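Presented below are the structures under discussion, each in the form of structure tokens.
What follows is chain A paired twice: with chain B in the first complex and chain C in the second.
After this line comes the complex of A and B, so read on.
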């Protein structure tokens, strides 16, 4: 299938008080048309920042984004999201690429009726008139499962529950039938029962609209359920990326293994929950060598000194771990 | 509607409290109303002073006089001015319009300039223009209005001769309605600026802070992710939300405007409530002092009620 988005060597740094802190370093990934790509990682791993930087939503200053390439393919043409002028980017935002954010409570404007927040996108990108856009918005609200769409057009965000607000956010994001939806932890702030509903809705709408999804999450279960490809981020770097099936059956990076082991499992009887020891380091002081080495069970002398490079363990499966490379190298060679 | 009635009803005990406190304070002030009541000729005769005391009931205890005054006021009789011997209510009626005119002009100046410049500063945060306007705001807030008024008169009347420094209208001016209107506006410019200068500064600082705060909100990021133009984000999404905390300032700035007009009206010779009140205080004209105090209080309360109602328009989350 065709590439929809190709990102090469994306780095993000934040400059505060004359001091520059690199939060994402050298991330490369691509998303194909109508597939679900997931970026997984703990809080602070840089996954949200990566998502924001795709639509240049990080305030600059303090953010400084660098990339060799951030090419978006739409309607037979390609646009470099990193280098294109603002005007061109605005025509893509909300139209060809849209976003659903983590906090439905604060992501909607409290002083505008939700209907207006949907119609403004339709009027802007589709050139619809008032009446036409209102009807379309009503249809969108019905599509995302709102029970009384006509009446709810006039509702204000504070009159809706968290789950309903996230449905409205999805309706806004879907309004122009985008090619790519970036979902930045869309269910983290919701109740568990609502989480499943929202993910089901997203999945259903994705299939119906043949839309690609970039799913940012820390929930491995969700990834296993939905994603076609996975990139695992740790301390601002992609440490392992592969197709979802390959990653789950043939996990190579010790961090990914740790993440998978820490998912609670009902079928196994374990006394305690398993967790990866330690916490993610601060961006101000990434560890030398392999950034995961202080928490790694497989750590060796070399890991402490030498920065690790991504290498291709099998076609399409990339890992940033030298120990695994040696092991594998021994196997093959 | 029920809310408005409730608010109007709570004004009654407030006005009673205000009247009681000001009646007592007024009587604590040194000076003798009876001696002010008489002309210098009559003052030489102690008998006539006593007669006046009795006539004005100044020989009775304060509480008795207060109750008597209150009874009369509730019947609609505000009494007669000691100084002019005219009915107080008639004199107030003639003087309340200039004061309302001046206060509203000053309030509009504060709101429009304060809010507008505040948004401008927020959009140009840390640029030279922002720093310059902030300096201007702090100068405005820390300069006493009477001194600023004198500076205005010195410059625009004495140096440049552009604006009149006294009164409401040019005496004897005749012409069509727009000539009269223009003349009135020219008289209003300097007093209104002197009265609102401090307010403009604080409105500006509030609006700036509030706008900057809203710019950081998640829903502004959402608006940006929709592909909206910066101008739409500023006015449709940021501006209205940034006005919510600023509307509270409206109620708070009214007492300042009304009390400020006492100073400004004297300085610019405007025949309003403030000047009338000041004269009354200097002359121990008790009925007038009480009436001016209560009418100013009503002005302030009405304004506060209005600003609370304005809240509903700005913030859909608030309902009464």
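After this line comes the complex of A and C, so read on.
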């Protein structure tokens, strides 16, 4: 399948009080058409910032985004998201690439009826008239599983529950049938039963519309269920990336292992929940050498000094861990 | 949502009293030619004794007359027309200047913010009444000029408030998501920021109306505002001053009217502030 989005060497820094802190360094990944790509990591690992920088949504200053390549392929043409003029980017935002945010409670305009918020996107990007866009909005609300869509068009956000609002957000994001949907922790703020419903809905709509999804999450269970490819981020770097099957069967990076072990599992008998010791370091002072070494069980002297490079453990499976490389090298040799 | 605000507003007795008084006065002023018993500039010199104003409740003159025998009730109603329209239109002008400047400064930040805010500070550190006084003596004193000048020197508070609102609103998730949907800056400001910033601005706008009415009265009192024979409460106060010992009602009535209107507006402003405050209890 063809590439839809190709990102090479994306770095994001924030400049505050003359001091520059690098939040994302050298992230490279690509998303193919109609696949689900997931970026996983703890809070503060830089995954949301990565997503925001794809649509240049970070305020600059203070943010400084650098990338060797950030190309979006749509309708047989390629657009350089990093360098294209604002106007061109605005025509892509919400139209070819749209976004669903984490907080449904605050992501809708409280002073506009939800119907208007959907029709406005259609009128802007598709040039629809009032009548036409209203009918389309009604169809969209039905599509995301709202009962009585005609009546809900006139509802204000404060009259809807969190799950309903997230459905409306999805309807807005899907209105123009985008090629790529960036879902930034779309279910974190919802309760568990609603989470499952929303993810099911997203998956269903994705299949129907042949749309690719970039799923930003910290939920490994969700990744296992939905994603085709996974990139694990730690401290602003991608530490392991592979197809989802490969990653879960052949986990290499100790951080990924830790993440997987800390998922509670009903079939196992454990006394305590397993967690990775320590917390994610501050971007103001990344640890020297491997950024994970202070929390790593496999840490060796070399890890403390030498910055780790990504290497290809098997075709398409990249890891940023020198210890594993030595082990593997030994195996092969 | 709207009805909750209305219900909370109605719970404040003073605000309701203010609203009733203001509505009554505005209605009277609007219907001035219909409800007033005489034309405001009609002289009844024949009814005067020794050229003295006719006292209240005497004959056909409910509020008496001034020293030219003009019916004082009529002049109060027409004076209200002047004072109230100056108040509302001047406040409207200050909104039209202050809101766009404040929203743009807050939204775009950086150099635009810097320029607007320094200019605002410059204007606010000079006592605006003196600026208005100077401007008013340079331009010829017509009602339109008075409105425009008062409006042009009283937008600073509105501007600062719009900016503050905008600064906090632009960080909100729904503004972020509006950007992710591809809306232009102008559209986001008009549809996403302005409606959400409006309630505190409305509160200060009501206070601006009261301020404009007082300034207009002061100007007219100093003889720089509305000119004879057109009545305005400030100008009537000035004339009344000369008769304070013999015919005190000439000064007391317009003074009371100014007091009632500005107090009402302040009460309404306070009531609105409480009613629109999302943190206040139901």
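The rule is short, and it goes like this: the second predicted complex is superposed on the first by the 333 of 333 C-alpha atoms of A that agree within 3 Å, B and C clash if a C-alpha of one lies under 4 Å from a C-alpha of the other, contacts with A are read in each partner's own complex, and residues count from 1 in each chain.
Here is the rule we use: a contact is a pair of C-beta atoms (placed from the backbone, for glycine too) under 8 Å apart; a residue touches a chain by one contact, two chains touch by 3 or more.
Computed from a prediction, not measured in an experiment: that's the story for all the values here.
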{"item": "Three-chain arrangement built on chain A, chain B and chain C clash or fit", "value": "clash"}
{"item": "First (chain B), second (chain C), both or neither touched by A:109", "value": "both"}
{"item": "Touched partner set for A:98, first chain B, second chain C, both or neither", "value": "both"}
{"item": "Touched partner set for A:57, first chain B, second chain C, both or neither", "value": "both"}
{"item": "First, second, both or neither for A:16, with chain B first and chain C second", "value": "neither"}
{"item": "Overlap of the chain B and chain C footprints on chain A, listed as residue numbers", "value": "55, 57, 90-95, 98-99, 101, 103, 106-112, 120-121, 124-125, 156, 158, 169, 172"}
{"item": "Partner chain A, residues of chain C touching it in the complex", "value": "1, 172-174, 176-184, 191-192, 195-196"}
{"item": "Residues of chain A that touch chain B when the two form their complex", "value": "55, 57, 89-95, 98-99, 101, 103, 106-113, 120-121, 124-125, 156, 158, 169, 172"}
{"item": "Partner chain A, residues of chain B touching it in the complex", "value": "217-219, 221-229, 232, 236-237, 240-241, 244, 314-317"}
{"item": "Complex contacts: residues of chain A adjacent to chain C", "value": "55, 57, 90-95, 98-99, 101, 103, 106-112, 120-121, 124-125, 156, 158, 169, 172"}
